[in-house]
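Shared chain: chain A. Partners: chain B in the first complex, chain C in the second.
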Partner chain A sequence: MSAFKRVQQWATFARTWHVFDCKWQDPYDSAQVIKKYLMGLHKPIYHPTNDCGDVVVCINSRDIALRGDEWRKRAYFHHTGYPGGASWTLAWELHNKDPTMIIRKAIYRSMKGNLQRRHTMERLFIFPGEDVPQDIMQNVTNQIRQLRLVPTRLDHIPEEEVQKYPKVMDYPQDYVLK
Partner chain B sequence: MSVSKINMAALVRSSFGLFKNSILNTAIRSLSTSKPLNIKEIREHKEGTKLVVEAVSLPSPRKDLLVRADNIDLPSSNCEHESSVKEPCYMCALGLDVKHTDVLILSQFVRSDGCMLPRRITGLCRRQQKKIGKMVSMAQKAGLMINLTPAWCKKDPKKRKDYKKFNTYFDEKTIFWKRIPDQNDKWKR
Partner chain C sequence: MSNKHLFLNSGFVRAPLQNGVGRYVCQLQRIVLKFCKTHGSCRGLRDFIEQDLVDFAKQNPGVVVYLKPRRHRGPVAVAEYLNGDRVWMNLANKTHSEITKWIEVLRTQQGDIASTRLRKYQYTDHPSIQGPWTPFTFKNPELNTAVLPDQKFGANDRLPMSATEQLRLMFEKQKLEEGDVKTAE
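Presenting the complex of A and B:
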């Protein structure tokens, strides 16, 4: 085997580390993307018995965004196994308790429930904020593109830019500004 | 006796209403003495011994920045526009795809306390007024226009209560839906 072929073999089967910024991202939509990187579905060499999945580091999981009224409508079910042990936790209550749990459960549920799933989940790191340990961050070589644009708050735009922005609405002649 | 009493009360009430109108009516309040309140401005100057107070209506501060469909060349300019068809309002004519995150556009339709302006002031058609109004409330719920809120409002969205402190985004497609389907309904039989 030539030296080039040997390096190509290493590069093909090496694990790549990806980072994903969850700020203002829908966890259920981004789970469909993250899952592909975790399982290695984005690689041409993918096969279910081929261990080619990558590592994904999710940051800012505290700032995920849910659509509409899902924070108070979506419930997470848990049963202790004992009679009367059922409990339903709303999404915002769960996010208060553990800000990484919603994105973790979304990715876990997006994958097929086979024996491989638990091992694939071991390759997922989730951090509620931006501070990631150095030994994890030094491996990261790729960033997964965000699905939704992070919206800009009006008070973060400079005042003169707001004033200079083209106007669509004009006040009527005798309007009293409030 | 009682009848005349009622008449008296009605008279008093109606005259009070007239008095209240004379103070609070927009046409008269536009002669307000505080300067930043209005497009009309109060100017005082002396001519000899007389003090002249006059109200000058000023041009709107938005006049130079105003964008209208007939001033710009839209790619799909409807030249075969029939006269029988009602003229579209300025937002329909512009044909912008406004999202609830476009706070620079939405903040133009809003008072300084973040309240949507009524249709007689915005001059929109009913559909656009409904659409813009809903998107303003979406932006407010998402905490994107917190500098345009009442004074008693907690300005930081993260300091809100319960589910309101977390980030929320909205789907503009749901604006004209009669009923937004519940996610839990798909499990029902």
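Presenting the complex of A and C:
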């Protein structure tokens, strides 16, 4: 193998680090996207026997959004193995205990349960907030696009921009503003 | 590939030394025909030897042909190739015309190709003109200098236009046409 071919090989199979912002994202929909990057399914060179999975850094996992009343209704099951060891933890309880757990479990469940899954999960980093250690963040060269638009709150929009927004209609004379 | 083919050799479609490009070298080196003079299953092979074998040997001077009469044995053809492959073929109960075709197969094939599993049905020395894919192929060059995470690269850019944005655009258009339009206080 020539020096050029060796570098070519190294470039093709290099691991890329991606960052994903979980803010306002559905963990179960996002898992379907993140899974593809973790397993390397997004690459044209993908093959089940070649080790081409990437590393994904998830940030802001504390700010994920569940649909409807899933925070109250979705339960996570655990069994200790002993009689009477079953426990059901609601999503909001689990999120209070560990804000990274829901997205981690969503990604874990999105992948097929084979021997490779544990090793693929090792390439996933989840952080509850924005602060990521520098030695992890310096490797990141790509960002995975979010699925949902993150809404902007009215009080976070600058005052003059709100003032300049078009007026659709006038209030009637007898309308009582609160 | 099924489980019973686990020990089958695998390979690619190859022409040895670009055979056939410019000149052709017959890859069949030697063919041994074993047959019985009395056995019924050798009938076709005996016919072939009587009628076609001399012509075959004349037309292919590069191929060594051996005949081995063996008493009370089935008819067999063993072909040896330039790359060292040896193909053993049973010709029992085959007719004259069938044997003519099988001998033609043995003469024209490159080696023992029947016992290799082709990994691909095509082969090229130059798999890619633009070079193999790397993670940076087709990537936005702005990512090289971007400080990630950045909303510019992270936000979904394929959503349809929102009503708010549409209203703002209509407003801008109206402002250009009319000049003075009401805004929120």
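Convention: the second predicted complex is superposed on the first by the 168 of 178 C-alpha atoms of A that agree within 3 Å, B and C clash if a C-alpha of one lies under 4 Å from a C-alpha of the other, contacts with A are read in each partner's own complex, and residues count from 1 in each chain.
In the analysis below, a residue touches a chain if its C-beta (ideal position, glycine included) is under 8 Å from a C-beta of that chain, and two chains touch if they have at least 3 such contacts.
The model shown is predicted, which means the values in this text are computed figures rather than measured ones.
Enquirer: Going by the contact rule set out at the top, does A:M111 touch chain B (first), chain C (second), both, or neither?
Expert: Neither: A:M111 stays clear of chain B and chain C.
Enquirer: Could you tell me if A:I136 is touching chain B, chain C, both of them or neither one (first, second, both, neither)?
Expert: Neither partner.
Enquirer: Under the stated touch criterion, which partner chain does A:V168 make contact with: chain B (first), chain C (second), both, or neither?
Expert: In the superposed model, A:V168 contacts both chain B and chain C.
Enquirer: Looking at A:T12, would you say it contacts chain B, chain C, both, or neither? Reply first, second, both or neither.
Expert: second
Enquirer: After superposition on the shared chain, which partner residues are touched by A:R145: those of chain B (first), chain C (second), both, or neither?
Expert: It touches chain C, and chain B stays clear.
Enquirer: Tell me the contact category for A:M101 with respect to chain B and chain C: first, second, both or neither.
Expert: neither
Enquirer: Just checking: does A:D21 make contact with chain B only, chain C only, both, or neither of them? Give me first, second, both or neither.
Expert: Second partner only.
Enquirer: Which one hits more chain A residues, chain B or chain C?
Expert: Answer, by number of touched residues of chain A: B.
Enquirer: Kindly classify A:K43 by the partners it touches after superposition: chain B alone (first), chain C alone (second), both, or neither?
Expert: Second partner only.
Enquirer: Touching chain B in one complex and chain C in the other: list those residues of chain A.
Expert: On chain A, the residues that contact chain B in one structure and chain C in the other are 148-149, 162, 164-168, 170.
Enquirer: Considering the complex alone, what residue numbers of chain A touch chain C?
Expert: The touching residues are 8, 11-12, 14, 16, 19-21, 43-45, 59, 137, 140-150, 162-168, 170.
Enquirer: Could you please specify the touching residues of chain B with respect to chain A in the complex?
Expert: 26-27, 29-30, 32, 36-40, 57, 60, 62-63, 65-67, 90-91, 94, 96, 101, 103-105, 107-109, 111-113, 117, 120-123, 142-148, 162-163, 166-171, 174, 180, 182-184
Enquirer: Could you please specify the touching residues of chain A with respect to chain B in the complex?
Expert: Residue positions touching the partner: 24, 26, 63-68, 70-75, 90-92, 95, 148-149, 151-155, 157, 162, 164-178.
Enquirer: Help me check something: in the complex, which residues belonging to chain C touch chain A?
Expert: The touching residues are 131-136, 139, 143, 148-151, 153-157, 159, 162, 167-168, 170-171, 181-185.
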